[in-house]
Each structure stands twice: as C-alpha cells, then as structure tokens.
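You will see subunit A twice below: alongside subunit B first, and alongside subunit C after that.
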Partner chain A sequence: MSLISVRDLVVRIGDRVIASVPELDVAAGECVALVGESGSGKTTTLLATLGLVRGADVSGKITVGDVDVLAASPARLREIRGSRAALVMQSPQAALNPTMRLGTLMRRALARHGVKGAAARERAREAVRAVLLDPEILRRYPHQVSGGQAQRFAIALALALGAQVVLADEPTSALDVTVQAEVVAVLRRLRDERGLAMLLVSHDLALVSTIADRVVVMRDGAVVESGSAADVFGRPRDPYTRELIAAVPALPESAEER
Partner chain B sequence: MTLLAAEGVTLAYGATAVVHDVSLAMDEGGVGLIGESGSGKTTLARALLGLVRPRSGVVRYGSRDLAALGRSGRAEFRRAVQPVFQDGSEALDPRMTAGASITEALTTHHRMSRAARRDRVEALLADVGLAPAIAARRPHEMSGGQRQRVAIARALAVEPRLLVLDEPTSALDVTVQARILELLERLAAEHGLGYLLITHNLGVVGRLCRTSSVLFAGRVVESGPTGELLTRPVHPYTRALRDAVPRLGGEPPATTGRTEAAPAPSGCPFRLRCPLAVDRCRDEAPLPREVEGRKVACHRAEEVLSGLPASSTSRAGGEASGAPRQ
Partner chain C sequence: MTAPALPAFRRTPLRRLAGVDRLAVAGAVLLALIVLAALLAPWIAPYPEDGGSATHPLEALLPPSGAHWFGTDQVGRDVLSRVLFGARTSLLIAVAVLAVSGVAGVLLGVVAGYAGGWVRDVIMRVTDIFLAFPALLLSLALAVVLQPSVTTVIVAIAVTWWPWYARLTASVAASVSTRGFVDSARCLGVPAPLIVLRHVLPNSLTPVLVQLSLDGGGVILTAAALSYLGLGAHEPTPEWGLMVQQGQSLFTTDWWVVTFPGLAILLTAFAFNVLGEGLRARLSR
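Right, the complex of A and B next:
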C-alpha cells in the first residue's frame, strides 16, 4: 500500500505552473527520488506533499497515510508533520533549538505526544541508536555536534515520534562525502529494516542511484521521465535525463582488483 | 617557473595551528586541493591570497615572499591571482548590476572605451555561458548558478594568471558545473591560465587537475599525480574519500561508522578513523615520504602498495563495522 500518493498535482503561482505531477506513489519500504535542477519543481512537489506550499494554488489529490492533505484541517496537518512524516532538510542544525540539549529537545517532542519519563528516555535512546549514533549525544547541545550527526539526530527525532514516512530535501548536499555516505547508509537501513517510505529530493544523480528504487526526473515543473532506478539510469529515454547523466563528473576506475 | 607556492606553511588562529607545514606549487593548468570541512583548506586558500599571514613558512609569488611585497607588488599580485569562492554573491555588490560589477573589474586595470567595455562584458558573459541580458540584473535577480558565473566572469575580467577556486561549483546544478569546468579547461589550454581547485569532489579534480594534494586535519597526507591518487590511492584517508563517492549505478559506498571521529591529538591524526592503524600510528606521527611517484604520510604505505586490501584489516582495538572480517 502506498504511504504517499499524489494524483494530478498542479502547483500554480498566478498563471505559471511551477510543478505538475500526474502520479506519484511511495510504498512502505520504498525510496522514490525526485531529481532535476534548480527550478525543476522537485522541492515544491515535496513540500506540497505535506501541505507546506505557501502563496501558490495547489490542486489535485495528495494522501499521506490515510490523511487527505489538501482537505485536512491545519491541526490535522500539524499532527502529520509532527508524528507521521519526518521532513529532513539541508541544514538540520538550523532547525534545532540551540539552547536545549538534544535529549531535552527529544523528550519535549515525545511529551507532546504523551510519552514521558522512563518510556521517553528509552524511546530516545533507541531512536538514536537506530541512526547509528551513540546515545551520549543526547547530552550535547546542537552546536556541539557535526552536520552529519545533526542530520541523523533529526531523523532519529522523527523515528521516536513514530514516523513511517521520511521526506528529505537534499539531506546530504551540505555534508562532506564521507559523512554523506554514512547518512545514506542510515537512510537505506531504515527503509529496509523499518519499512519507511522515503521521498528524496536531490540533484545528485550518482547519490540517488545508490539508494532510490524509483526515480522521477523533473524539468521546468514537469515530469520528463520516471521509472525504476535501473531503467532511468541504465536506459534513459528522455534527452534531458541523458544530459543530466552525462554531466555527472566520473571517477576513473580503480586500478586495484576488487 | 612556479607562479604561486606555499613552502612549509603553518597557519594558526591564536595558539591553535590549523595548517601544518604545507607545501604546494601552482603554475599553468590545474592543481587540486582535496579536503573536507575542517581540513584547513579554506584557511590555506586565504593564505595563498595574502589574506592570512603564515605563522611559519613562506607564500611565494614568483620568486618573492608575498608578505614582503611593496604597494606596487601587491597591486600586481591582486590582479594576477583572483579568488572565486563558493557563494558568488559574496563577490558581487548587491547594489550593482552584473554588467557594472564586471566593468568595474575591467576598468580597475585598463582604460577602455565604452563600446570596447560593452563588447568585453558580453564576451566574458558568453564565456561563462550567460546571455548578454544578464548584464542588466542585480545579484538578487539572479539564480545562485548565475551569480556564481558572474563572479567567475568578474574574476576573469582582469585577465588573471591564476584563479584560487574554493568549492566553486558545489552549489551549482550538474549541467552548469560541467560548463564551468569546460571553461576552466579551455582557458588553461588557450591562455595558460593556472588554477588551484579546492574541493571535496574527487570527480572534479580528476577531470581538471594534473596534480593534487589531500589535506587532512591541516596536513597534506598524500600528494602526486591526480590520476594515481584516484586509481591507486595509498593513504587510507585518500582511499576513504574515493570510496565514499557515490557512483552512478554503483554499489552504495561502504561506511565505517567512525567517520566523524575527531583527528587524533598525537601520533597519526587519522588513526582513530583508520582501518589500518597499528600501535606505531599511536606512538609516532608519520612524515610525508616519497613512495612510487607520490608523497604519502602513512607508516603502512608500502604494505598498501604491495596489495594489502585497506578494508580487510582490523584496527588495533576496534573492528570497523562496515569492513568485512578477514
């Protein structure tokens, strides 16, 4: 069953269509990537999925879990964003309250969902371990952790609240390559072991090819190609997809026997 | 002759050294400096631009010590060596149109007729793949990629001999990045432009730079021909960097779970992250030495070159979670 379902989504500002997506589904245990360049509409599509597009007309039908996003009340939308869907952005540190230890931050979020005391502490430790962090990190303040740790903590926070859906917008583009690899490994693990549904926005095709099951290529607000990652990257049909693939700087093959 | 060189440069903020004894030489064509955040690469770039004074060592412009240049020498240096930073908006005055910014750079060093200026601005914009209409726009009316390209056009306007580029394309779309890299290749081939390309993207240096240095915790851990570093990296950090780069359609990169360990305060700075670390690495900091056409600061360089697979050995006192056991 799809945890995210989008039908006939059109986002307009005045007469201009900034994103148009006829069909998009993300099932449990699946990662779907939206790829394209600046202005392609990929981030708009992701934000529309959680009802977060402002100052634009949004039409179509969007379902997250059993919630009809475009028809939902503001309170219901806040509930989805708080506990069902995790939104992971490029700079997680900016989203964390700098005056609170990470553990306090997480306990307060859990308390708002009725989880308190020892149960909250256990839930926090478990979520942090699931993203391969040492629970010791809960004693630190946001400025005392690295970008990769903050990014993983943001994912842990959503996990602790019971998120089944992760929406990630360029989650690794501000990170060093070695740290990026760690964050992607965590995302893959959560998808495979916890069956999370992931919608990933990225301009990095090589990165996408190592995690996405399916890929949607967007340009100027429209979908130009979509299909399994193997098909889109292995046998791209659209000239624009081919252009994007050709522009990825390639590493020479290793001289060692592997 | 070498145009710009760091010779045994150590850089410090207060009592904390962030770059240790680094040597680097630039000439025509590309030189790569590979490092991640916190490696000291940006501080080193600032020293090469004369913005930070070395605690010890010398930055040489031609045969002269950069710190000892007089007024006219500094003016000549500022024209010959141009910086390009990651975010083009820093280099552009928010109140000026792109055309005015580029014209300002043009006329700082040359007197030109109005028509000649206009032609030159158009030609520079065309070089970076922008339409002439961009000249009328201010920075906030442009996309990030357009701003970065205008910043590069402005740097090229003074006909520099060398560009110091700090992550110049990491904020750009791949097709724009490919275009900027082509431009640099062309300027190097046609006009002998030199450039120092500072990046964490190995694919980019592989294409543009003949030689590269890998910086870890302020030290050059491996340097040599870029092709060698990418196809046969020796230092475990160079190997980790290469292995972390996702490849189109490739297997997901292996991870160790120790990527965010801080550099070790004694011995080899990489040892807490190193899959090959042995007791000697804790006791003795490895010095860079010549090994098969490159310089490497690793006690186990010869073993790696003779075929020791870097991922198959356990670290003293801890097993790499992502590495297969032997």
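Right, the complex of A and C next:
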C-alpha cells in the first residue's frame, strides 16, 4: 500500500502551470526520486504533498496515509505534518532556529505531537542514536554542530515524531562529499530497517542512483519519464533524461547493476 | 565529534577592549553610573528634601560652593540634589516609553512581517498614518489634551514612538519568515502563533534592541522638550527639561540653574547613543 499517493496534481500560479504530476506513488520501504533541473517543479511537487505550497492554486488529489491533503482542515494538516510525514531540507543549519538548543527544539516538537516528559527524553535520545549521533548533541545550539550533524538531526527529528514518510529536498546538496555519503547511508538504513517511505528531490543523479528505487524525471513542470531507477538510468527513453545523464561526470556503476 | 569552537579572537580581552567594543562599554558604564545615581538619589543627594517640595527662600540662587556644588535655584533648592532626583524622572520616562512602544511595535511588526498579505497592509497603513504626523507635534497635541504629568509624557511619546519599531520589526520579520527554520516549524505542524512567538520573534529582535538603545536618548530629549514647553512634569517634580525652562531666563546672571540640568540631559542622551552605536557596530555582521 502506498503511503503517498498523488493523482492529477496541477500547481498553477495565475495561468502558468509550475508543476503537473499525473501519478506518483511511494510505498513503505521505498525511495522515489524526483529529478530535473532547477525550476522543473520538483520541489513544488514535494511541498504540495504536505499542503505547503503558498500563493498558488493546487488541484488534484493527494493522499498521505489516509489523509486527503487538499481537503483536510488546517488542524488536521498540522497533525500529519511531522507525525506522519516529515520534511528534511536542503540547508540543514538554516532549518534549525539559531536561538534554540537542539534538545529544546526536539522536546517542543514532541510535545506538539503529544509526547512529554521522560518519554520524550527517551524518544529523543533513541532517535538521535538511530542516526548515529551522540545524544550529547541535544545540548548544543545549531551553530555548534556541523552540516552533516545538523542534517542527521533533522532526520532524527522526523524519526522521533514517528513519521513513516520522509520528504527530502536536496538533502545533501549543501554538504561536502564525505558528509553526503554519511547522510545517504543513514537514509538508506532507515528505509531498509524501519520501512520508511521516502520522496527525494535532487538534481544529483549520482546520489539518486545510490538510493532511489524509482525515478521520476521532470522538466518545465511536467513529468517526462518515470520508472525504476535501473530502467531510467540504464535505458533512458526520453532525450531530456539522456541529456541529464550525459551531464553527470561519472555515474557510478550501481545504477546499471540494480 | 567536537563542536566547532567560536572563533577564539572574539574572546580575548584585548580584542574586547579594542575598537567598537570600547564604545559600547563606555556608553554602558556611563549609563550604569546614571542609573546608579537615579537609584541612590535619596541617599547620595546632599539635600534629599530638595528633590521634593521643600523651599529655602533665604538661600535662593547661591552660586556653586562647597555646600551647594551646583548652586541653588530660585527657591533655594540644591541644584545637585534636583539633578540627581531628575535622573529618576528621566530614566523612568525613557524606560516606560521604550517598554510600551517597544512591546507594542515589535508585536504588531512581527505579526505583520510573518502574516504578510492584507494583515501586513492593514498594520503598516495604520503605522504610516502615525508616522505621517510630525512626532513632536502629535506628542504636543496629546499632551495638551491630557493633564500635564509624567504619565502624560510617557503616553504622548509612546504613541508617536511605536510605529518605528513596528516598521523595523516588520521588515526584519518578513525576511526571517522566509528562512528555513520557519518552514521546518510549519512542516512540523507548529501553529502560526507559536511560530511567530518562538521562531520569528527571537530572530528578529537584534536590530530592534539596537534601535531601542539608540532611542533612549531621543526619548529623554523629547520628554525634556515636552516638560520645557510646560506640557509634561510640573513643579515640584524634579525634571531636567522643566529645570532648564525655569532656569533659562536666569542664564546671564545665575548660569548654574540652567547649565547643570542641561548637561545632565546631554550626558544621558550621549550615553544612550554611544551604547546603541557600539551595540550596532558589534551586532551587525
């Protein structure tokens, strides 16, 4: 059963269609990647799945778990954000309030979703360990942690809240190469061990090939190709996809092997 | 897993004392002395009763001497004592005005900045209307309508002061609202009022704090102006503006009556400005 299901999604600003996705499903334990150049509508699609697109008309049907996102009340939406589906952003440090300790931030997020006191502390520590961080990090302020640590903390936050769906917007593009590998390893482990559903937005095809099960290629707001990672990378049908792949300096062999 | 330490040079005392920090420290020290003088006025003033309604007609207009360092005024009160007590009035007005207008302005500004759209338009247009009046004129009009008193001064100045903070905060809050952590808070299902209070507000405060400290001097000058014009504090309240007004006609013969309260105004306004300027230099990266 798919945890995210998108049908006939169209996002418009005025007369301009900025994203149009006829069909997109992400099942538990599966990672789907949206790829394409800047402005192709991939981030818009991601934000739309949580009802976070502002100042645009969104039509179609989006389901996260059993919640119809476009029809849900603001209160219901707030409830599913975090506890069902959590967002991991591009720039991890910008995503953390600089005036708050990480532990405070997590405690408040947990309290918002009904977990308090000792239970919250235990959950926080458990989640932080699951992303291979020392719980000591909870005492730090965002400027006292590295980019990779901050990004893993963001993932830990999603875990602590019990999210089954992780939406990641360019989760590694602000990080350097070795740290990228760390974050990807953590994401992959969580997908496999906890059966998280992941929707990943990236223009980094090398990264995508190491983690995505399925790939959706977007251009100018439209889906030009979609299929299993092996098919899309191994036998691209659309000329634009071929162009994208050709633009990658050296695509790892792993995509071929899948 | 070690935290990247803060750049070490920021912590060395030498660096602290050099450059911009020295300015902030000088302002802070000067202001601390003034605050101390205000707090301790009843104990350090040589003639505490002169801060009130006491009069000594036989000692009127004595020049500065060992007994009266700053001389005495037209009813024989010790000018030094009244200047010290006057610090209480001026600082009370400054703190009250900055607190009232700061809180009101910042709250309205942060809501306007975060909400955007029609909410911002409504708040900002009201702000513009207040800003369209010359500040002193609006204060004067209010002070005329209300009874002249210290409270009147506070209300009259605060009414013209908050729009600046509202406008400043709105612009900062609007840019803070586009930052990642506000989006993440929204993504975690945090309701708007809490986002504003916990995420936007704390990150929008720095420029307002600088502005508040810079404005302390301005408030004291405005309060002195209102009292000088007879619309603020009145006898026997020790207030610097009022003392200047009462002493100015005596300047050619008894210079000390007007000079010392005037210097007190100057010094306090200067202290606020230097502190604010130092803070601004330090906090603007």
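The working rule: the second predicted complex is superposed on the first by the 250 of 258 C-alpha atoms of A that agree within 3 Å, B and C clash if a C-alpha of one lies under 4 Å from a C-alpha of the other, contacts with A are read in each partner's own complex, and residues count from 1 in each chain.
The definition used in the following text is that a residue touches a chain if its C-beta (ideal position, glycine included) is under 8 Å from a C-beta of that chain, and two chains touch if they have at least 3 such contacts.
If you're wondering where the values come from, they're calculated on a predicted model, not measured in any experiment.
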item: Simultaneous placement of subunit C and subunit B on subunit A, clash or fit; value: fit
item: Subunit B versus subunit C as contact partner of A:D134, first or second or both or neither; value: second
item: Partner chain in contact with A:L87 - subunit B first, subunit C second, else both or neither; value: second
item: First, second, both or neither for A:S146, with subunit B first and subunit C second; value: both
item: First, second, both or neither for A:L77, with subunit B first and subunit C second; value: second
item: A:A109 touches, of subunit B and subunit C: first, second, both or neither?; value: second
item: Touching partner for A:L244 - first (subunit B), second (subunit C), both, neither; value: first
item: Touching partner for A:D176 - first (subunit B), second (subunit C), both, neither; value: first
item: Angle, in degrees and to the nearest 10, that opens at subunit A between the C-alpha centres of subunit B and subunit C; value: 80
item: Which superposed partner A:A154 touches (first subunit B, second subunit C, both, neither); value: second
item: Overlay on shared chain A, then closest C-alpha pair between subunit B and subunit C (Å); value: 5
item: Intersection of the subunit A residues that touch subunit B with those that touch subunit C; value: 146, 149
item: Touch list for subunit C against partner subunit A, complex; value: 1, 3-4, 179-181, 183-191, 198-199, 202-203
item: Subunit A to subunit B touching residues, read off their complex; value: 37-39, 132, 146-149, 176-182, 184-185, 188, 203-207, 209-211, 230, 233-234, 243-256
item: Residues of subunit B defined as touching subunit A within the complex; value: 36-37, 143-145, 173-178, 181, 200-204, 206-207, 227, 230-232, 240-255, 257, 259-260, 309, 322
item: Residues of subunit A that touch subunit C when the two form their complex; value: 50, 52, 77-83, 86-87, 89-91, 94-100, 108-109, 112-113, 133-134, 136-137, 140, 144-146, 149, 154, 157, 161
